[in-house]
Amino acid sequence: MDDSAKRLLQRFMRRIPTQMLKTTLEKWSRLTVAQQKSLDFTQSKWALTEALLDICEENKWTTKHISELEMIYVIDNPNQGMWHAFQLMDPEDDAHSVELTQFKEQFKSHLSELIRHVSVKIKKHTDEAVWIRIAWGDSYSRPNHLKPTYVVHYLQTPYVFVTSLTSKQKPLLSQALVLSTRHHAIKDANLSGKKFTAIRDLLMRQYQQAFPTKYPSPLKEKNQTVSNPLIEREQAGPAANRLQMACEAFGDGMLPQLQSAVYKLETKFRDQTNKTMTEREESFRCVVKFASTNLLESLRDCASSGIASTPVTPLLSSIPLKGRNYFVITDNSPGPSSQMHQKTDG
Amino acid sequence: MAAKQNLSEPSDSDSSSLTDQSVSGRSGNRSLRVAEKERRKNEAEDPFVLALKYFSDVGAGTPVYGNDEFETNLVLVERVAYSKGLSPEAISVMLEFAMSLRMGTGPCVRVLKCLIPATIVPQEPIVRAVVWLGVGKIPISTQVLFIKWVLTVFDMIDAKDQLRAIYGFIFSFVTEENLVLRVFRVRKLLELQSKLGRQPFLLHLLSLYKVFCPELVTLSIPSRMKSGFRNYNTPWKSALIAVQKRNGSQLASSTSLPFTIKDKTSSRKRKHCHLELPVLSSLVNKQPQTELSSSRKVVPLVQLNSFAQLLENIHRIELPAQMGSLLGSSLALQYLDCVQDESALLRLNFWLGYALHEEFLFYGDGGAYQNSEEALQFLDKLLFTQHFLQEAFSSSEAFLYKFLSVWDGSLLRPQILGLLSNIPVVPSSQIGRLLFEPLMQLFFTSSLFFKCGLMECLNNMLLKWLTWHSVYALEDDLDISLNSHTSINMTLSGFKDSVMELVHFVGRLASVGLQLEGCHTLLLSFVLDFYETVCDTFLKYGLPLVVMPPPGVFYPALFSLDPVSVDRLAYIMYRYKVNLTSAKSQEKVTEQAFHISRQTFREFNHYLVVMVNCLWNSNMFRPGMGVQLGEEVLLKSNVPQYWTSFDLVHHPAFMSYAVDFHQRCWPGRKDMDLNSIKHSKPWSWYLEYLYSQGYDGDFMDTHLTSPDGPSLLFAFTAHEEQWGI
Amino acid sequence: MEGASTRGVLSHLSLLEVQARSRKTQPQQRSRVKELKAEAEALMIQRDKLKAEIQTHERLQKLRMSMDKQCPREQEEEEEMDEDSEDSQLLRLMARHTHLKDLLHAHHLIGGYDIIKTHQGKGVCVSVATSYEGVCLDTYNLEIDLKPKLRISRHNVPPFIPLNSLAEQSNMQTNIRAFLDTLSRHLNAFAGRKQQLKLLKEQHKSVEVMESNVLCSILVLMLTVPREKTAVLCTLDYTDHTRCLPTRVHFDCEDKELPDSPEWKKNCHLLMETPVHTALLTMKKMGNIV
Amino acid sequence: MSLLKPFSKLPGLNTANILLVESEEQFQQSLADALVEETAVTVNVRLAKSLPLPMENEESRPRIDLVVFIINLTSELSFQSAEASLKYLDPGYFLGKVCFMVTNARKASAPTERLDAVRKLAASLHCPLLFAEDQTPDGVANATERLLTILKVSAGLVPMATALYLSNLTRCTVPPDIDQPSFD
């Protein structure tokens, strides 16, 4: 068993929490029952690593097998690292009929055409997601399995989710993806975050949205609290209205856990009291960043509790609407920049 | 802080075994070799020793990744650390290794995390570490980590000049300049703050200063900083406790930091470090060292367990590291009481002020911890201490004034009122602003029970003030020091003013309170308690001051429905009489002129007239009486002989007794005629009967029985005429 | 010590206060009866209301009948006139209203869409319901701005349905109805295919789904022929996304002639014409697969 | 702009009506639940986020005897909204029918400047300023009782006491700043 494999295993062991180790190894299903038994999961990681190393030695397992193990772990808990979303542009006519096997070989072949040393692993998850693990090398060095790139794609959808991709590797990956999914181009979807599931749900519209209907909406039923006849809520109507608007803007129930939204302003500085700034002709740059454990829910709460003005300013509502959390606001689109003010106090 | 220093000397040399090592060991390796030798003596080559050796010898810039030797050794050390804790030598080696960044910051952090001392922490390596900080290659996060570690193991550091030193450290490594004055320090801190951003330790210092000089620190300390600082020991504390548990109790005392205790008791996230009284502990409380120390003529308080011992060691007492622990033991308090140097008390005050402020005026997002046991016990302990010392701490007084202004009136009410009743005399110029305004607002908006509680509290306050006066006042007009430690000196007249203010204030509260609560009997009885104190100020406490109750108190008591109140009012009036007469006589004999205004006599006589007339002479509603009503109104009411309606027989409070008496007296009678009791013979029987019911003497004394009641009255009025001129 | 007693009194006072508070809540129990009485009252009133409603409803029904079968107005007028007029007027209006509503509902059932105004008429919200074999499935919504031109501002249509291209193809601006129809066809087909796959997985444990995708446009099944236990790989291609039946069915298997055998030809047709789960059912019946 | 007037409507028999104004709409709910527990009088509670109150409830709304502004000291917004609401009250209310209730005054995250600002506001309007512990049930119960004490007076249910009388005794005064004792 070579050195790189060893290091890969050690690194993997450092990453994985001990309580997850058992299940992951079972999923891996390479260990014999005896070997499974031999491992004592109560002892320290360090010892466990040693034991696993021995097993790998005697089975002559290589990086290939161990990267498998890693992949299983990553697929099971994808919410780590920084995920970026990309969007495939103008599909060809047969883009719809791309199916897994052909995609697999196409992707592999395209990528290996572009770069000599690369090792690709493709695995289909139960929810139709295609998981790709790429260990990059360059023309001289062998693939480095210690920092692989992970790519997730749902066939027939225009979205691709990528984590830990360097700018050097980006063009290569893009080209391979574009060709193998029968599209013409790919672009950054301006959506990124720590939680893969959140980003996916947002773009695949896998969260509950609220729409105005003529049927009694579940919202109203939800916040009908049986209260004492002696207690009267004066502004109940407006409150319900605010909630409705907030839910229409950001969605209903559990929302995708987005951590942040960034607005980059490149606008003219407008403030009559401050001449010097106003008269500068080059645009005034600043960055506004909203951060929260669950940004969308926070925003919804702001709107429903009246801290932020309703109807919700497009700047905020376009996070779920356009499915992006990075915006550049310039003057030539007067709409947003005019709303800038009311957003910041929101 | 000054006090801290005098401790350094003994304990420094306790750790001689280490100091010589480190003094010689200017370079890490050398000091290690010393350590190595002694280790070789007692134990054979074990892997742990090898591991330590590795860390002391490993060259700079050795790669970390894939360096199995490093990995194995570190794991080994970690295991030992978490199981038994590290010996002082081990700590010095590892700390040296970590802070020198020989293998980069990665291991440094990891090592710092596992530095769990088994016994004590030698101060030398810490100093060296700080020197490394000075080198400044270490990333800020790691520096913070280190500081946190030092704070965590602070009380296990063998030498005790640290409290000063730590601040010294922080300042000296965040900036080269040596800051002397606190004002400068704060300024410096603030600008550092703006430079470095919010560093937990900076914020901590700032918050500390915010307590003492808020005018300097204007920025609001974010509550998240609390968490940022509060759990500075989380990486270690659990390990610490674990280790201590394993290594047995004799160590537990040596490392009894408040929070370690806390973590044993409550698993709450928020650290009640101040609420938990530290166990009275000392560095030199392990047997071998005590011999050492006693030879050096220093006895830690913890080793004294009888008053006799205290007396013979009184000249060589070592104060504990945690002043808070003094509150625990009465011996310590006795010592504190008789000790000459103010420093001990100052330190205690310091600690106390900070604790109170932190826990009750400045808490983070801890949520609903308020009425928690810790808070209760803490305050009860404080109360106990204050009663023991017979005086309040200036810090607790200051705290109370702040707390009253944001108090909701129910939080920890018994304790707060208890503390409040202990505060020393407040100068009359301040008293309104500090006490009356907040209290008045609380009193009138709060429940009956609060009103009663406050009455009780103010009564106790008055009692204490008067007691202090009677103890400290030598001759009048000589300065009386009311509190031996907070040396507030005030003249007799000043004291009289304060007392007067207080009594009048209570009078206001009482009369309006009774009105709002519909003359509730419970409240009334608490009010009467207060006036039982007031009416005796002259005779009991020798304070030449007599203040009569306001009508708002007198009449509700007189017409109240329960006989007890009436009885107590009578008693109070009687005491007033005694005080006034004796004051008079004293004024006659001694020529020293203290003047009781004729107004007071007028009020007294007036009340007496009303009382006697309505209870005894059945002269209610007669012109010239206190309560006047238009003739025609009274006639309209169709009450037969309305003037009798409040005499001892018809008074609603005594009616039942009268009826009972009547039945006993004339069992046969069908038609009841209470007036028949008034005939002289049954009347005396009736009085006898009232005696037997427990209304003993008070009436008699107030009115000296009906016939010469008036005469006394006249006597008084006569006097008044004379004195008036 | 004196202090102790002080604290005693104070804490006792707080104790009393707590007791007083708890006592305050007691009377609630006693007034329970009153509560029940009030409740009964309320229920009675409600009952009467309902009675009245039923009555009016019956009369409405009568009117509706007459209205539906368009019986001669006059005599209806007669029998209405004897009652107080404006009441009957109202009734007739109500009848008419319900009538229209039913019509509207019917229209919706035969392929209309729920459309309601939003943003004070600046936009509309269209909801497209999907169903398969009489089972109602998810409803999809589109919010469409009307001014300056039709624009889909918000929707919850999954991304693998090419909404925008559909909008262009069936030029939405001029003919929104056509657009909505195609969209609804796409959605219904998709829902149908998804449902089929679901049913298939439930009903045919013996059939292994080798491959599928989110759009459910490709389905590869592993069938096994009884006796020989030969595995047959069956690929269903749904290239026409507006239908929930495959456009191409392809078998392959070790023995090359099996796909060309008559019964498997029949199977092929079967799969082309009937939804996959039912087709498989019949195939199983005929003993072509386990 | 509709002013809320103290005497525009007739009082109900043995009833007291209180209006709780809180921009965060959290503490007011628990207070309301506790307030209606009162059995001696029927207490009607109206909850509002801010003033003015909507016109459409004008009819159903009883005569309001006491207006309470709840201010969370850790939030500037809460203070501002209370301040803004004040101008929708008829001056008559400031004769003892308004009081301020402050929460989180002892929190580290509550700047002293804001507390002073609140004090100044209350003092300038001659209104009482109550502090409450909204975290603990005891705190809520106590706050409720204090409000009831004031409410009963201002609703004229306490003989020989009027709202103005009480508020004169309890109204806030401009804060004294207690100078710190030096610890060294």
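Note that the chains are named A, B, C and D in the order they appear, and that numbering of residues resets to 1 at the start of each chain.
One rule holds in what follows: a contact is a pair of C-beta atoms (placed from the backbone, for glycine too) under 8 Å apart; a residue touches a chain by one contact, two chains touch by 3 or more.
The UniProt protein names, listed by chain, are A = Centromere protein N; B = Centromere protein I; C = Centromere protein O; D = Centromere protein M.
Owing to the predicted nature of the structure, the values given are computational and were not obtained by experimental measurement.
Shared contacts of chain C (Centromere protein O) and chain D (Centromere protein M), meaning chains that touch the two of them, come down to A, B. The chain with its CA mean position farthest from that of chain C (Centromere protein O) is B. Ranking B-C and B-D by contacting C-beta pairs places B-D first. Look at where the CA atoms of chain B (Centromere protein I) average out and do the same for chain C (Centromere protein O): the two points lie 67 Å apart.
Measuring from the averaged C-alpha position of chain A (Centromere protein N) to that of chain C (Centromere protein O) gives a distance of 30 Å. Chain A (Centromere protein N) and chain D (Centromere protein M) have Cα centroids lying 47 Å from one another. Looking at chain D (Centromere protein M), one finds that residues 141 touch two or more other chains. Interface residues of chain C (Centromere protein O), counted against chain D (Centromere protein M) in their complex, comprise 21, 24-25, 27-28. Of all the residues in chain D (Centromere protein M), the ones that touch chain C (Centromere protein O) in their complex are 37-39, 141. Looking at the complex, you find that chain C (Centromere protein O) touches chain A (Centromere protein N) at residues 114, 116, 118, 125, 127, 141, 143, 153-154, 156-160, 211-215, 217-218, 220, 237, 239, 241. Residues of chain B (Centromere protein I) touching chain D (Centromere protein M) in their complex: 1-2, 207, 211-214, 218, 220-223, 225-226, 346, 349-350, 353, 360-365, 367-368, 370-371, 394-395, 397-398, 401-402, 405-411, 433-434, 437, 440-441, 444-447, 512, 515-516, 518. Against chain D (Centromere protein M), the residues of chain A (Centromere protein N) that register as touching in their complex are 228, 230-235, 237-239, 305-307.
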